[in-house]
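All remarks here apply to the structure that follows.
A, B, C and D label the chains in the order they appear, each numbered from 1.
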Amino acid sequence: MAGSTYGTIFKITTWGESHGKALGVVIDGCPAGLPLCEEDIQLYLNRRKPGQSTITTPRKEDDRVEILSGVFDGRTTGTPISLFVPNTSQKSSDYSEIASYYRPGHADYTFDEKYGFRDYRGGGRSSGRETIGRVAAGAIAAKILKEIGINVMAYTRSIGPISADLTKFNRDAILNTATCMPDRLADEKATAYLSECMKQKDSSGGVVECIISGIPAGIGDPVFEKLDANLSKAIMSIGAVKAVEIGDGIMASSAKGSENNDPFFINENNIYKKTNHSGGILGGISDGSNIILRAHFKPTPSIFSKQHTVNKNGENIEVEIKGRHDPIIVPRAVVVVEAMAALTILDACMLNMSSRVDYFKDFYIQ
Amino acid sequence: MAGSTYGTIFKITTWGESHGKALGVVIDGCPAGLPLCEEDIQLYLNRRKPGQSTITTPRKEDDRVEILSGVFDGRTTGTPISLFVPNTSQKSSDYSEIASYYRPGHADYTFDEKYGFRDYRGGGRSSGRETIGRVAAGAIAAKILKEIGINVMAYTRSIGPISADLTKFNRDAILNTATCMPDRLADEKATAYLSECMKQKDSSGGVVECIISGIPAGIGDPVFEKLDANLSKAIMSIGAVKAVEIGDGIMASSAKGSENNDPFFINENNIYKKTNHSGGILGGISDGSNIILRAHFKPTPSIFSKQHTVNKNGENIEVEIKGRHDPIIVPRAVVVVEAMAALTILDACMLNMSSRVDYFKDFYIQ
Amino acid sequence: MAGSTYGTIFKITTWGESHGKALGVVIDGCPAGLPLCEEDIQLYLNRRKPGQSTITTPRKEDDRVEILSGVFDGRTTGTPISLFVPNTSQKSSDYSEIASYYRPGHADYTFDEKYGFRDYRGGGRSSGRETIGRVAAGAIAAKILKEIGINVMAYTRSIGPISADLTKFNRDAILNTATCMPDRLADEKATAYLSECMKQKDSSGGVVECIISGIPAGIGDPVFEKLDANLSKAIMSIGAVKAVEIGDGIMASSAKGSENNDPFFINENNIYKKTNHSGGILGGISDGSNIILRAHFKPTPSIFSKQHTVNKNGENIEVEIKGRHDPIIVPRAVVVVEAMAALTILDACMLNMSSRVDYFKDFYIQ
Amino acid sequence: MAGSTYGTIFKITTWGESHGKALGVVIDGCPAGLPLCEEDIQLYLNRRKPGQSTITTPRKEDDRVEILSGVFDGRTTGTPISLFVPNTSQKSSDYSEIASYYRPGHADYTFDEKYGFRDYRGGGRSSGRETIGRVAAGAIAAKILKEIGINVMAYTRSIGPISADLTKFNRDAILNTATCMPDRLADEKATAYLSECMKQKDSSGGVVECIISGIPAGIGDPVFEKLDANLSKAIMSIGAVKAVEIGDGIMASSAKGSENNDPFFINENNIYKKTNHSGGILGGISDGSNIILRAHFKPTPSIFSKQHTVNKNGENIEVEIKGRHDPIIVPRAVVVVEAMAALTILDACMLNMSSRVDYFKDFYIQ
């Protein structure tokens, strides 16, 4: 099955393995006339780069994007935009040992069961490097959304037991701390916690929260294509995500209706909700409040302590994974969550353009 | 946009509103030769019927399904199966008042914003009755899965603050208690809790857990069509779901790698995991363990206590919702979760049949 | 595989067999706010009814449509429109013999090979009655297109060797002759030709031509989703069609470039072509001229003369098909061609709404 | 809208413009375990290369393919295969003049109407170079089909008024003549005809015929996804195709049923047809005979004689197109037709694997 294509109108197809020649993405269905240059995309890719601090892998991945098609005279032409990121610093020798066994928590075993064999170098297609295509495409989606006032912002909400205090929300901290937390005190504590994890040859999970602001009411669809359903798929498709929450999320299941309902108010023809337990979506359709979602990431499965597993000869063995691995996935995943959210929201906005006969008539009859 | 179709090979399209003439579903892509009768489907529909206890709405919805096409001589023909459920007991007069304002927590406002107006009778298309088509189609998917030894079982994991104790798991209780909890003591406590909610003119949220057993390793796809991503979409597309967890779910984000990784073991050529933090999915592909997911439902938004909202004249008003409403969605949603999981797993199993060239050759060359 | 769904945004799913309980269609993605009643659809269905003349089957098929969902207060709500047409006059006894052998030119053999068995009553799903759902949905698509000035008109271009003379084009004749030819003299000749066919226990092929007028330039897509590619699929999906032509069609392959190119001219800022060899499509995108296509239908395969075939016992046999069959498919197929063209054009128009960033911005920023 | 993706399970996405940096294709859903190297693909690409004779453009397009992903240790991994073909010999200066006007018969005008502007260099995305991605992907599809005994072979059936005599069918001639005709005498006559066209600064249309042999009965689907419907879309999506025929094609519309029906016969449990008017498809499903289709190509629109058109200033002008252009598209399109047919047949074969419950059970229960 073809699992590497996402979206209906704004449709992306990613390709590439951790240690292949390159990775990339084709964006088809991008509207014509958008000013676009490689720097627009590079800024997003830089945010998922490793080697930027003590808490990310010391691997150097200097991922430079090249636009191969779909842009002419500095603007998108409406035809497929092919983005290309060469793999420059991958050394296959680092990974030769893992060919012989199944790493716990990784997709080695499931790939073998599905396909009969696998590209074992650095995880192949199941590597986190697969997200390069998502982020590159998401940069374009986010740029288009900004044109209509929709902004997508994600940050690290928690790392292991350490949560950001949102009453001290500091936007600068998201881009300028290694944890991507919007709270410098939490960043410090989380950094200490991660150092301790690393000392113990262990890793940590964490939570990314994403806020979509400026979205008008009425976007999304009832039934199977609910906006929250599509956001959940988008976010859960990021490797290592194990839970997705919308609005109050898991808290809603222990709440009462009187607590969870958001009353409507009107002020000068503007309908609004004072609370936002719904997380901006009612019945699968945006309600005009901020859309709020959280992605729960499991700890990096590559840990340096001893683990039990099975090798290719069918023997029970103990292994110690080597190499360079992030002690936590979350800070580098923040921009991936933003990308997937932007792609989903943009597609929903495009599909919404024909929701009323009057919209259709207005478009074609001037 | 067309939001009422779900699935790639096993594709269903649902239709119908709460107070229209009928509801139904068309199942296209069902393999030929499956023995099928109306009773197969009715058994599932009966499980979502209201009026069965003190904790579901006293509305009578005697939903009888009729097979209109796609079955001949007692077997499916491979052509579309059209299932039809007439609306027999809906009284539009009950709902005339709600036409005039937006019920908090419901999709009234968002439908108006998207479509310009709405069928306000009983929630129209956003009603829980929309799930009739899902359940009817899911009954067929579950029947096919059983043929290959895959079983999908859901139950109520918690209601408000009351959780089932799984060490006292009692399968009979799922089908024979009003709460659908697999633990009779929790059922009693939850029933008392719900009675108290009703007295307070309030409602409660809850959690449905779903176990998919017997699924072989290797089902699902990398990247965007991960099995957990598709399950998340399927489950989040059920009205009132606000969070989805796979395996350890939200616990994974505060765990360490050494806790979260499931070591592999082998015994007589059989690879297995002693623990199942992953919930049966690694890298988007089934790992041979049970798939475990949880859906967090918000409380029923229709509560009888006074609420603030806005009416069609643009005035801030207070309302008290009338009519007959479940104090909790969860028990009736158990079978809906099963249905959506079955549809998703079946489609993934079908798509998996061409994952290797050898499978393809074996199929066509005898 | 699910083969009964058509369209991306305006998506239809048909169901039903010749001799089942009913046939129908679900239209999902219809914009909200369109005035719609059963009579709008019935007018189209009446045009495909048999029993209206000497040259159509004397079978009575009084196909009355019922709207089951998706319309409220006389307008579409944006949710799925379920249309239902009961089978009232089918007698299964007429068809019992054909269960035992494969009718030449029919899908009996291929259905058995694909599915292992078949609903043999009246052709089951491969019957011409399958087009009821297409026509019903096409009526709605045509109604929406008319709102923006696009008109879809088909007629019988030829029957066997008899062609309509388009210099004598008479629009009334299309709806008021049994042949649906736009030329009363050709209608007379064709009627005589068909009488002769029937006397010889034979049947005839013919050609339907379809003109789509009022379509603006710029609709359709490059590469795989070319407007002519999608029209070809739509038309070739009608049973018995064996060739599709766009514009000059097969004549283009023996022409020279100097003959086939349509020069552009401009008059008061209006770019136009004096000739229309292209049939209104260049590079897969509408060029502002009328779109012209032709569908070549094979003769009705059910003929009353003796034919060779094979029976279920694996014996070579001779058969004489009985029952009531049209000597030609074409006149009843005219409205089916219109329906499929309308569905295709409407979907393309909807998908075109996000082709430019400026369109997208204008839609969302007032 | 995203128009550059084709297929459901075996899904390809092409990208690239005539004068961009490169062209390519991503193949997603290719089964794992297929031996694949660049030479497998290069052989197909070489067949669409120009500059090989007096009747193709003297432009040199040395299109070398590189595999960037999806192949490991010489075999496909099941993950996306990215193929990359750099544009090496395109000179943008050759095309600067055509930026100022609309070439008759080309997509210049329609692209401008759809997108607001266009990449005018060499036709941009509407160039014949767009087919590089199709051919590269088609090479892989054809290789898989050969594994199960299905062969796809196309050739030039006619050029202008000159038709190949199939009673003198010579397979070697297809690959070894400049016209790709399977008849050396016709090749000579056609070459002379084309020389004359070129002298007159004109171009010629022609017909490609394609034979798919070895396909079992039962492939394809009823209703909208008929095998002939999908083949028609596939073929009509190739630039310059104006008509598609299946089997007897346009001849069927003037035939009688007694002529057009193919009687069935049986011999040693083998059901067959002595004639093949149907072209191997009945009711949208393969009937076990060869599938036969014909694509009618219009003449190359770029001709050197004087033509009327409109320029960017809104003036009526006369132009003489310069540059290097094939006097006929057909010989280079032969392999494109093969590619599109192979892609379509392969996808249908994959989708067919779940057509019966017994197939599904046999696959999962050993």
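Quick note on the criterion: contacts are C-beta pairs under 8 Å (C-beta built on N, C-alpha and C of every residue); 3 or more make two chains touch, one makes a residue touch a chain.
Given the structure is predicted, the values throughout are model-derived calculations rather than measurements.
Trainee: Which chain's mean C-alpha position is the greatest distance from subunit A's?
Mentor: C
Trainee: Count the C-beta pairs in contact for A-B and for B-C, then report the pair with the higher count.
Mentor: Higher C-beta contact count between the two pairs: A-B.
Trainee: In whole angstrom, how far does the Cα centroid of subunit B sit from the Cα centroid of subunit D?
Mentor: Spacing between the chain centres: roughly 44 Å.
Trainee: Averaged over CA atoms, how far is the centre of subunit A from the centre of subunit B? Could you give it in whole Å?
Mentor: 26
Trainee: In angstrom, rounded to a whole number, how far apart do the mean CA points of subunit B and subunit C lie?
Mentor: Measuring from centre to centre gives 38 Å for this pair.
Trainee: Tell me, which residues of subunit B touch at least two other chains?
Mentor: 1-5, 8-10, 14, 29, 32-33, 78-79, 114-116, 125, 216, 222, 351, 354-356, 358 - these are the residues of subunit B that touch more than one other chain.
Trainee: Residue numbers of subunit A touching subunit B in their complex, please.
Mentor: Listed in rising order, the residues of subunit A that touch subunit B are 1-6, 8, 14, 102, 104-107, 109-111, 113-116, 125-126, 130, 158, 160-161, 197, 200, 202-207, 216-226, 228-237, 239, 241-250, 252-266, 269, 271, 277-279, 281-288, 296-303, 305, 307-310, 314-316, 351-352, 354-356, 358.
Trainee: Enumerate the contact residues on subunit C facing subunit B in the complex.
Mentor: Residue positions touching the partner: 1-5, 7-11, 13-17, 20-24, 26, 28-29, 32-33, 66, 68-70, 72-73, 75, 77-82, 114-119, 121, 124-125.
Trainee: For subunit D, which residues count as touching subunit B in their complex?
Mentor: It is residues 8-9, 29, 31-34, 76, 78-79, 144, 147-149, 216, 222, 349-351, 353-361, 363-365 of subunit D that touch subunit B.
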